[in-house]
Structure formats: structure tokens, C-alpha cells
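So, here come the structures, one by one.
Presented sequentially are two complexes of chain A, the first with chain B as partner and the second with chain C.
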Partner chain A sequence: MSNNLEFCSSFTRRQLKEIAKFSVPNFTLDQNPTDCPPGSLRVSFSGPSDSLYSTENFLLRIRFPTTHPFTSPEIIFDTSTGLPSPFHPHIYSNGHICLSILGDEWSPALTIQSVVLSVASLLSTCAEKVRPEGDTIYSERVGDRSPLLTSWLFDDDTV
Partner chain B sequence: MSDSDSEEIEYQYSDDSDSEAEETAAPQEDSGDEGKEENKEDKEKALKTPKSKHTDANPNAPPTGGSRTSQSPHSDFGSPSCTNLDLPRLVPSSSLKSEMQTILSEIIEMLSIPEEAAGALMRSFKWNKEKLIASYFDDPERTLEKAGVLKRVRAIEDRMESAPNTPRTPKRSSPRATTRSTSKICPPAEESKGEGAFLNCKICCDDELTLPEMFSMPCSHNFCTDCWRGFLSNKISEGPACVYSLCPEAGCTEIVSGEEVKSMCPDKMSEWEKYELRSFVDLNKNTRWCPGTDCTMVAITKTGSGEVYCGCGTGFCVKCGEEPHNPVVCKDLSLWLEKCQNESETANWILANTKKCPKCATRIEKNQGCNHMVCQQCKFEFCWICCQPWEDHGANTGGYYKCNKFAADKNSDDQSDAAKAQRELDRYLHYYQRYHAHAQAQKFAKKQLEQTEQRMVQLQDGNTNTSWIDVQFLKTATEQLVECRRLLKYTYTFAYYLDPEDKTGKKERFEHHQEMLEKFTENLSELSEQSLDKMDRTSVVNMTRVVDRFVKNIIKYVEDGMEIDD
Partner chain C sequence: MSEFLPDPTGPFVSDLFSFPAHLLESQNYATSSGHYVAQLNLLSQTYSGTRTVMGDGSCFYRSFLYGLIMQLADEGNEDERVRIEEYIKGSLATLTSQGYEEMIMEGFQEELLDLLSQIPPSRTSDEINLHNILIHPNGPSQMSTWYCRPLCSSYIKSNPETFKPVLLIDYPSIDSYCKSQIEPSSVESEEISIQAIVSAFGVKVNVEYLDGHDGEKVMRHVFGEGRIEIDMLYRPGHYDLLYRK
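And then the complex of A and B:
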């Protein structure tokens, strides 16, 4: 991934189609969110029932780099409105998510819907609410920088 | 040393048996592939790669190109067990393509696999032919799937069966789905709906596409040609990892090959090939880029070991990329370098670059290679390494160079941890100090070598009847000196890793060889540094020969497993 990352400020035909098709029970997609850079999407959802997060609500922010769909979208837990980044062994307190399909295993055939569902499934399979190792250091060092600029190593196939 | 030798022999041996196995096993593997054979030849002709058949040319023929391919500046330094076949070769990066093609042709013939799959297969086995062959004969299906070429191979085989005489062409979207089962993870490719219906591209979501606008790899996952171009150029722009790109379909494990790049992004083909060659050298244990700055030569070996001296002036070990380091094995060298790195602060604190004259305490900087120091202030003569009077080093006082042996402290019966640690540090410092001294002397000798030509000119000018050939001795001597310093440096690393409690006499014997080499190297250093009016050709030539003898002795002693035989 190159270091000069640019994001789309408007949606492409593909993205518009995906937005139109997006339909997941209990997930709401906002294609014109306030306080977000143009070209961003927000998805709000409540923690999956039967999971450790069943009583919590979360907000995801999605942006598309200009190289999308050949590279993965940027997708983070948005904490700017006061909603939490879930306590999860693969989710950092700054909202960054360590998930293989957002890195090496991204395929251009994946959609917003499939990515959002993958993130939600991270929550439903979680057995212990903890932060990843080194969370404080990582979150402090990286802050608001895009997760697309981080080199991720995917070493845990269980969650 | 002896380890790697036996490895070499084993390697050749297994190589032979492998090719035999291939000859017996191959006919069973491919029933009815006369068509394929013919076709392969067509393909080869079409490709016009002169080296594509491994039988035609001697693969060890020296390559064209400017760089020297000699194994060592002193060509007779090489180990006697090294046959010519095993000598590393240096090739310019421009001939890498044919080098790679030679290896690919072997594997294509051996396994009867299509050419389009060979590169990816070899990559997935890091260019280890033996491992690939073993895995392929054990389970061809899994081997192909793991390398991401299963569907490609099957599709080509199917095509061969149905039309054995039509030459292969890169496929546009084929309306027929493969007859083989598709992978469990990725969704099966959709059946095309015939010529009339519109098709959908899952990348751009355009759903008014026609068949000619679509393209797929042999896994039949169709995407529009525009998206293919975007996908491939994006992968290639991301760099060397592009050679591992998989089909854009989520979960599909079929790997992208040059075929797709050639059909979809012909303008990116040269870049793609560059990355293919780069990964060929990087992954392959038998090859290494010359580590010289801006040098693009590549060392190619049969065994993944050996020393190479490139035309750019860089010498390196093929296995680890460091400076040639015999008699030390790569593993010990890396331990040693790491140790030196970790201990460097302590060692540097103890070893300042200057020393005080043991007699008058004037600070002395050593700026030439010889260890025989003469203080300019008080004319006191002493040894740089041990700071003892030089006269103690005379042959009449029990050996010229006693300072190469580490004698543990007298109070070695103190078993406290602190005392043990102190002894270990002393032991390390003993070897490091000498290693470091020779490393410095090697640098000086290299500098000396740079100035040698000038000195040779002056020497020739000074004597009317002297020809250029007559002054060559100075260059030979200085080259020998550089090599001796390099070797001596590593003899201390080697000795550090010998058992300190050794009772067999091997270590003692090694130190004897080392002592002799060190002594005569100092002599040669002194003789060759003489001012030109005092230069004595005969003694320099003789000393060069003597030193060469000791170099060979110590190398042979180690190579023979340090057995005491005479």
C-alpha cells in the first residue's frame, strides 16, 4: 500500500449499487453522515444477540480509497459520536480492526455488505472482552491515521 | 566445512536418483500425451527461447557479460573437493530469464505439466526442484492446488484431450464451465447464459456486458476486461508481491500467471517479468544477488553454497551473503556477528583505536598493517596485539607469535558465577581483539592494494631495466595480504567456537597453523610496505609463496575435519 493514500469524495457506480442493495436486518446504512469527510458511509448496528455485546450499539465508518475496489475499503469503529470501540482481541481502542479480508485477503468481489457482516461476526464469535496486546502503544502511535497504512499480520484463525 | 561437502555429494546423488525416478515414473503419469509433446515443441518454437531445452547447451557455460566469474582472486584457493560443476557462476541480470527458463523447461518435461503452471509451481516450492518433484509424485492434485494452478493445469489438459492438434491460445472467456469440481470455498463460477444474455461483472457492477467483454482465468470466474486491467495494474503497481496475486473472486485460490497479464495488460508485461525474475532470485536458495552497491550480477550455484568474487569488487558467500568467511560456517558467523554487535560497547570501551606505548605512554595510532610497532618517541619495539616487547616474540624466545593463544586465567578454579562470567568475557575479548585487529589490518591492506598500481609505476620508473611484468609481484603480494588478513580474521571466529576444553589436540594444532600463518603474514606485510628503494623483489616473491602455502595448509586442515595425520 502506498503512503499517499487518497479517498474518493463521491461514490462510484459500483458503490451506489452496493448502497442501494444493502439490506441487513438491524443494520442501518447512512450514506450522507454528518461530521464525516465526503464519500464516507456510516453503518450503525447493535451487538449481535447471544454475543457478549448484545446490549451495546456500534457505529462503523467506511471510506473508499481511489484504488477501490482493487484495494479494500477503510472501515473503522467510529468513536467520534461517543459510541465505543468494542472490547475485542482484534479491535483496537482507536477503532482499527485486524481482519484478514481487510488486508491481504481482500478480493475485489467482496462488497460493503459482506465486509460489514464479517466485522459483525468477529463480535458474535468472541469469547472474552479484552483489548489486543499492545493496544495502548498502537492506538497512541497511530491515532487517527488510516488503518490502510498499517501492515497487518493475521495470526489468529479462531476468532 | 566437511558438512557442506557431504551435503554437496548427497545433493548430486539425490539429483541423479530423482531424474531416474522421473524417467520411470513419467510415462505412467501422462497417458495419451503425444499431442501435448508435439504441442510443447510448437510452443517452444513459438517462444523462441534459445535455452528452453536443457539438453542443448552446457548449462555451466560461462555467461556473456563483463564481470569476472572467477571463484577467487587466487583461483587455486578453492577447496580441492569442488568440481567445476559446483562452482558458482556469476551472470548479469539480463541472462536471468534464460537461466529461469532452463530450470522451468526441466520441470515441465519432468512432470509433464503445462508451461503456464510451471513458474507458479516452482515459486510455491521456493525453486527447490527436488521438493516439488517429491510432493508432486506424492499427491499431484494437492501440489497443484497449493500452488494455485490446479484449474489451469486441468483446463489445459482438457483442451489437449478434445483438440490435441490445435495450438494453445490464450483464452477469452470460455462459455463452457470446467468439468472439474470447483473449490469448496469460492462460489462456483456462474454458467454463462448464452450469446444473447447480458452478463454482470462483480467488480464494477456493470450488468449490461456481453461475452466478448468478459475474461476469466481457468477457474472461470468472469470479470469484465476493464476490471481485469485495473485489477492487474493495481497488483503490479503494489510491487514484488504481485506474483502471488489470486483470482479476484473472494476465496478462489487460483493464481494469476503471465498469461493473464499478457492478454489483459501487455504494457505491464515487462514489469511483471521483472518481478518474476526478482522472486526467482530472492526465493531460490541457489541464487543470490551480488550485495555490491548498484551491482546487478547474480550468483547461481548448484548447491546454494560457495564463495563468489564479482567483477564489481565484492566478494560474498552465496549461502549467507556475507564476506567469504572460511573456515567459519555461516551459522557460527551469524552468531559471532550478533555477539560482536551486542558486545560492541564493552569491547569498544576496552579497545580504543589507539594504544599507549608500553614504555613511554605516548599515544600511538596504528595506521599500517603490521603488528611490529616501533614507538617514534622512545624507539621501543613492541607487539600491537599484546603490547609486550617485540623481542619476546623472537623465535629464540619460544615462538614468534605467542599472542594468538588464549590462556585462561590462573585462578580458573574459582567457580563463582561472577568469576565464570569474567572468564567468558575475557575469552571473548581475547578472540574479538585479534579478530578486530585483523579486520583493521585487512582494511589497510585493501587501501594499500588501491595504491599498489601507483607504487608499481614508481618502482618501474626507478629501475631502467624493469618491465611491467617485473613489478607485478607487488600486486600479487598485496592481494595475498588482503586474503591472509581476511582468513586470519575468521580463524579467530572459528577458534572462539572450538571447544575451549578440547583435549584431542585439534585446537592446539589449529592454533599452530594459525600462528604460522600469522607470523608469515606479518613478515609479508612488513616486506611489502617497505619504501620502494628498500624493496627486495626476491624476498617479497618468496614470502608470498610461503604465505600461500600456509593459507592452503590451514584451509586443508579444517576441510579434512582437523584430523591429525602426519
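And then the complex of A and C:
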């Protein structure tokens, strides 16, 4: 993706339909989070039961680049309110998530709901709470830059 | 992979250029060690024009849709236009029955139906206008081009006996093949998806393979059958449109 990344400041017709239809037990979608830029969504959820994260709560922040739905939404674990970025081999401490459908396997057929469920299932199948290799360097270097500007390499489909 | 790089920034489809002169000018075939110039000269016995297509991973689908829509505007193809329109109208119900989200797919289907509705009664009267609709970055073309991908998946899912023997060698299921190799907007089409899309639409695509291997012949692959025929040039990694003399 090029460096001139721009985000929608309001929702498209398609995004509004997806928001209206979003329905996952124990997941709450907030359409107007006051402390986020306009056009952002937040999804709060508890760690899946029977997972290593069952006692934790998480917050995702979602924004849509102007090229959506041809490119993936930006989706990160939002730590700005004090909730953690989960300790997971594919999730960085700055909240960035390494997941193929958010990179080169993104398809316009995928919805907010299907993407959120894929992120949650990363937690369900995790066997060890560790950070990815190089987390400190990556998170310091990238900080709060959009994960859409990172070139991800997807080499591990076991977790 | 390819030493001849397509333009990734557009336009979606270029103006009509003279073939092979335009390709010889814009690509460094002449200095390449392969037999490209000889192959282009062989093809010039059949073709005199080309439109180059944006190289963003959707060049096959884009060439296909452009070639199809332009020909549907030809006099004499009225019943083909009606047939394709009926097929697209019925496609949403099929996709929904195969597990695709109706609220997502209907947005794409509407754009393709909109595009079909803008085909003028005769191409000679309004070819430039139709071309401009097809290459407009914010027009119905972009959504319509992607919609060809789920249509392609849908055809494979409706005809598993044809595709399973090939697909299951490399992929765990038809569904995982469609999700990873057809539907992402940056994934190039390949022989299986080309076979599926031409069958789904009932049109014929001829692909001339400019591989540089042999200066005395060019391989032509013919996909599907139908009254409408679309001619394409394949240089490794990229498709462009060809026009006969």
C-alpha cells in the first residue's frame, strides 16, 4: 500500500449496513466513540471462555481507508483506555495484529463481523502467551502509525 | 517475476493503440534475449490493435469485463445482452444460497447491473462514452470487476465435479481455494479461474501467450465457448486486450 493513506470520516452505505447487522453475543459495537476520530468504530469483548484470555477484556478500534472495500479496514487492539493488547505470538504490544485476511488475503466479501471473529479466534487457539519475535523493536519503530502501512509476512498458520 | 512491468496506476484500460508498435515502444522487448519481437510480429498477422490494462492483480477480470461490455453494445448482440443481464440478476440468489452475505454482494451486483444498463443501443453511436464509463475510477467499473470474482467462485461451487480433481491437489477444499485464490482483489487469475469465469458467462476468451520461447510460433489457449469472443495477450504475469485486423 502506498504512503498516502486516507481514512473515511463518515460511514459508507455498505459500512452502515454492516454496522446495523453486527450481532455477536458478548461483543459490543460502539459506533460513535467520542475519543476516536470520526469514522471510527470500537468493539469491546471479553477473552473467549476456555482460552488463555478468559478473564481479560479487550477493545478493538476499526477505521476504514477510503479504498475500502477493496482494501482491508484498519483494525488494532486499542490500548488508549488502559485495556491491554493481548500477549499473543501474532499481536504486537502497540496493538497491531498480524493476520493474513488483514493483509494480502483481504477480500471485499469480508465484513466487520467476520474480521472481528477472526481476530477473536486468534485468541481462542493460542497455546502460549508470548509476544511476537521483534515486538519491542517493531512497536517502538512503528508506534501509532497505521498497520496498513506495514508489509506483513504471513509464515505461520498454526495459531 | 516478469521483466516487462505493467502499469499499476492506471487508467483501468487504455485507449486503442496500434499493435504491435505500441508494445514495442512502451516495453523493452527489443533488448530482451527472448524471441518477443518475432512473436509480436507473428501476432501482427492477426491483430492490429491493443488496449493495455492496469496491472493491479485484476488485469484478467478487467480485460474480460471491458471486452464483454464493449461487445454487448454491438448491433446483433442484443440477445447476448439480455442473456447476460438475466444471468447477473439471478446471480445474487445463487451466491446467497452458497453462503455469501446478501447485504455485501447486492452492492456489487447493483453496480454491474447499472453498468449493463448504461450500454448504448449501438456501440457506433457512443463508444467513447461507454469507454469513459468503464475507465472511471469512481464509476461502476471497479465494483463490477470485483464481482466477477465471486461469480467465478460461485460457478466452481456449482460444478464441483469439474474442478475438485484439480483443486484438491493443492487446496484442502473448494471453499479455501475460492477464499484465498479468487476473491482477494490483488490475486491474479489463473487457468482454473479463467475456465470458471468464461463458463459462468458463456463467452469465449482467446489468450495469445507471449512467452519469448520460440520465434516461430505463439501458443494460443482457448477458454470456453460462446458467440462473444474476447482476445487477450498474455505476457508473463499480465493480460492486455487485443483487436483483430
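Everything below uses one rule, namely that the second predicted complex is superposed on the first by the 159 of 159 C-alpha atoms of A that agree within 3 Å, B and C clash if a C-alpha of one lies under 4 Å from a C-alpha of the other, contacts with A are read in each partner's own complex, and residues count from 1 in each chain.
One rule holds in what follows: a residue touches a chain if its C-beta (ideal position, glycine included) is under 8 Å from a C-beta of that chain, and two chains touch if they have at least 3 such contacts.
Predicted model, so just to flag it, every value in this text is computed and none were measured.
Student: Looking at the superposed three-chain arrangement on chain A, would you call chain B and chain C a clash or a fit?
Tutor: clash
Student: Who does A:Lys129 touch here: chain B (first), chain C (second), both, or neither?
Tutor: Neither partner.
Student: So, A:Arg14: does it touch chain B (first), chain C (second), both, or neither?
Tutor: A:Arg14: touches chain B and chain C.
Student: Taking the superposition on A as described, I'd like to know which of chain B and chain C A:Phe70 touches: first, second, both or neither.
Tutor: both
Student: I'd like to know which partner A:Arg145 touches here: chain B for first, chain C for second, both or neither.
Tutor: Touch partners of A:Arg145: none, neither chain B nor chain C.
Student: Using the superposition on chain A described above, determine whether A:Ala109 touches chain B (first), chain C (second), both, or neither.
Tutor: It touches chain B and chain C both.
Student: Going by the clash criterion at the top, which of the stretches 4-12, 22-30, 76-84 or 94-102 from chain B hits chain C after superposition?
Tutor: It is 94-102.
Student: Which parts of chain A are touched by chain B and by chain C alike?
Tutor: Looking at chain A, the two contact sets intersect at 13-14, 17-18, 69-71, 107-109.
Student: Enumerate the contact residues on chain A facing chain C in the complex.
Tutor: 13-14, 17-18, 21, 69-71, 104-109, 111
Student: Over in the complex, which chain C residues touch chain A? Could you list them?
Tutor: Residues of chain C touching chain A: 100-101, 103-105, 107-108, 142, 146, 149-150, 179-180, 183-187.
Student: Mind listing the chain A positions that touch chain B in their complex?
Tutor: 1-2, 13-14, 17-18, 67, 69-71, 101, 107-110, 114
Student: Inside the complex, what are the residues of chain B that reach chain A?
Tutor: Within the complex, chain B touches chain A at residues 202-206, 221, 223, 227, 230-231, 234-235, 238, 246, 248-252.
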